[in-house]
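Each of the two complexes below includes chain A, the first together with chain B, the second together with chain C.
Moving on to the complex of A and B:
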């Protein structure tokens, strides 16, 4: 990704480590993860349940609560360090600088409030000079952006279809003109056709308005199709990160390679595929070396003892000991 | 039963649910037929009636009109012992392995409860063997590691295999798998789909695989049925339906499916509009007319019939009414 020294990226995470206590000990949810999202870009977090993809963004935007703690690392939104911010300052940034679109549109909206009132509430909470007429004008604007008639502002959530509710949640996220929108499984509960409508809408809005998006989804084929840049997480660590087309055409990490073969193609020849035998690691006592070592079909001795460092290979960052043998010109981060 | 006779058939089945004054016609002339040892996929949006088909096939519901025929005999309204006997032949695999297993029972108890009476009277040793064999069939090995486990001690993939083993315990002819992998992690899905295929090859087990994922339907099934508003709108070989879809709705589904191969190639000017029809309202004409980009006069008044549109490929669309005899498509 290009980096302009003048304009900070919309979102940057540096060496973040997150853990939380459980009955059996500390869960090592995120271990030394870094990422960067430029304005106008859509960055996808790929990973299975327990890989830490939601925890990563929740911790980096300080939405998690104790006892879950970010024990190390930094997070920046528009260049401002989030983890050290005073609560009052953070409150000002929330929703106006970064907002969220969550998985279940039914639960993300207040069931006993009309859409208009939820929008007024949101604006009032952030704007001292709040005036209902100005707020309503902005509400109509965002409804227009998500292609919902403004008459729906008078609706309660239950009066909307699933697709309309998801559009309304996106409208709410746009309300204060954020620079970053975190979308956590925004289309998971929707049908294929409605999902396509919502994804197309997100991309149009992003083109028009230039906000950055972090997209979290377990739907790998969707992610690979729509994201500019993909970060593959496993066991709380980055396995591979790079442009989506690179991952589609030439995944380097054995885990990414196995993931790419884990879903059947829509077109082309059908051949037997195997998925990935085994199960993800227990994050209370993760393996000492590479977290994928127990399931990796090319595991070596060193993989079980030492976590490989992220190395840059072409446009891609990969954490795998195989890269050491195959690449002479590796640059260690 | 002759080898060519379908294992199970739904013939013009209607199913209506009533809630107060609201009458919802969920199935409207539903037809399907599954041959012994065949894997058929049923694809459609939520609300299209897929799960009602599943529940009618296991006779949790009785058809209002039409017939459910199993191995040549009408089972639409059988009761009592007959119904019990019928259900031995058809088992279900559910979507959520967290909800479909009793959390207070061990795997041993879960499996034992499903086993038929005969196996329980044939002696403890034979029963233990049957338990182990069943677990081995779903690749849970060694079986002794699993028999005393509770569901919460197992991963999602393992739980789904226990649910599978429970269904296999009665030696069914047909398994109805309703979104069996959609709650599993990507890396584990193929494992279960492959297991379904292995049992199909080794035991001739037939499946109705219900899903919204066309790619996995093509991977596992030989035939795909596409449902819309309570009826089948297209059917054909899995490859034909996905690669040469004829009904405008199937074309829409294929176009909307996520596909990394389509990166940057999609024509984003094609927008899709509308939502499935409200099945509690009377629908005149084709139920897809409200969203169809190719709608024309007959669609507004007459619900089209299924016509052959290719080799063993059928579609319910007026576009093919006139042309079906002369035009060979795809």
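Moving on to the complex of A and C:
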């Protein structure tokens, strides 16, 4: 492998557009989204239901693919173009380079197979010199990492509690030492205490092992605690992207601000929560301007007609007309 | 523990079934001896009547309870009485000569239908969108909707009578010797009846499997299996089909149990000497001992099949055996 002057990012998406057919026409789930996840970083993808955050990652990793969806643009993992890869090569790359912790870990495990067998078949699919004893040793290792007793390897999924199952799914994701793990709402199905444990576990594992994480969640305040970098999606577009501290301290986009206020912080004083009035836009015929314009409390005339471009303000990228100089005045008023 | 619980449940059911089997004929009007006498058109004297009564065990001045005890003890010794229809052949012998044919023909056809139907169902779901996968369910739904006797008669007429490709009656040719020759003849005779059963019953399995599998395919664990980069064959077999097959197993148990009841229409249309045909004879001739015995065998077979499938199910789905 020839190493360039710079190692490629773990995950990069360039001008990705994803549409899927519905009875009423094409749903524009993702519109011209670009993002980068550097090696070893934890990047959060935030947005409410229907913002396209899962679709973005699933289409970029070819889990959903034509004819289910139409995909334009480029997607790279470790510098390799995923969308142009041959099926057999993609299959080899799956799990060994990038793995998943899926939305509902409760249903992510096959109910009729022991945990051990679900790990064995994964190793067997990627290792020519597969040996059950070697595979089992690795399985015990990853169980250890997620703090589950290795005796649980002989269990069926229904014999594990919700938290244990979530840990088992994370163990599975670690199995082949991937460079990137996509975690799609890994804590939503769990109670608050277990949520906390899982988040701490993810953070520690990520520190120790150095894999990159794309963490998809609608819980922005949780994301801001663990993520290095946060990308806020709305209506299939990037609204705001930047370092997590920046977004906590000073969210610039009205949507990020609204999203921040709709979740209680995990730490700190109790404060009044404000919802975001209105509903996400209809993605079959999205508004021509900013997708958030119909719900925005600081909407201007231009917002309804022209989509704002992403522009860099300090360390943050924001797509909002309020950021333009002539509109700043309005903002301060 | 699971095993003991299931086994005792089946034993209780079996006892209830044989008890019902004893009392039901006693609740019916008319007597077996009367039926035989009527068939003889008054050519039997009182002595013959008495002999028949002794042979069939009626009018022997015993209480119902005593008769029940005798019935149970006869049953334990495999004594099922004497058939009226095939008089004086004992019922056990009638069954011994007809049951193997039925087990062979209907059993084989049921298993083939289940296996092929489910495989086609897997294909139709996994490759849905392709022309063949779209046509299959429609074709077999239509096939399954056609009345069986009609399909059987058409096959018999076209492939048996018109073209003469297949025999139209019996289970084995006359004057066949040698084990290979006999085997060939048996298969040859079974082809047409088995084929009609398979093509009319396969559609149900196929459509059921297809529908189950389509919903299982959107389960997270199937998607995760694909994300894991497993070979397609393993995803279909271990993750998708194995879970989609579970509901079909129960249906398979039932149909296996009913195999010994014979496929009445098949055996009549193709004049196949199976137990279904014997049951038909027994019913038309008021042959209570034979009917009782066949019902008993059906009940036993259904119970055994269900028990075996219970055992199999607990191996296929770990969620049922331990909780």
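In the analysis below, the second predicted complex is superposed on the first by the 306 of 333 C-alpha atoms of A that agree within 3 Å, B and C clash if a C-alpha of one lies under 4 Å from a C-alpha of the other, contacts with A are read in each partner's own complex, and residues count from 1 in each chain.
We adopt the following convention: contacts are C-beta pairs under 8 Å (C-beta built on N, C-alpha and C of every residue); 3 or more make two chains touch, one makes a residue touch a chain.
Computed from a prediction, not measured in an experiment: that's the story for all the values here.
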A:274 touches, of chain B and chain C: first, second, both or neither? first
Per-residue contact with chain A, leading partner among chain C and chain B: B
First, second, both or neither for A:99, with chain B first and chain C second: second
Chain B versus chain C as contact partner of A:215, first or second or both or neither: neither
Contacts of A:146 with chain B and chain C, given as first, second, both or neither: neither
Contacts of A:12 with chain B and chain C, given as first, second, both or neither: neither
Contacts of A:180 with chain B and chain C, given as first, second, both or neither: neither
Residues on chain B engaged by chain A in the complex (per definition of touch): 45-46, 155-158, 185-191, 194, 212, 214-216, 218-219, 239, 242-243, 252-263, 268, 271-272, 275
Chain C contact footprint on chain A (complex, rising order): 61, 63, 67, 90-96, 99-100, 102-104, 107-113, 121-122, 125-126, 156, 158-159, 172
Residues of chain A touching chain B in the complex: 48-49, 161, 163, 191-197, 200, 203-204, 218-222, 224-225, 244-245, 248, 258-259, 262-268, 270, 272-277, 279-280
Chain A-touching residues of chain C, taken from the complex the two chains share: 129, 219-221, 223-231, 234, 238-239, 242-243, 246, 316-319, 322-323
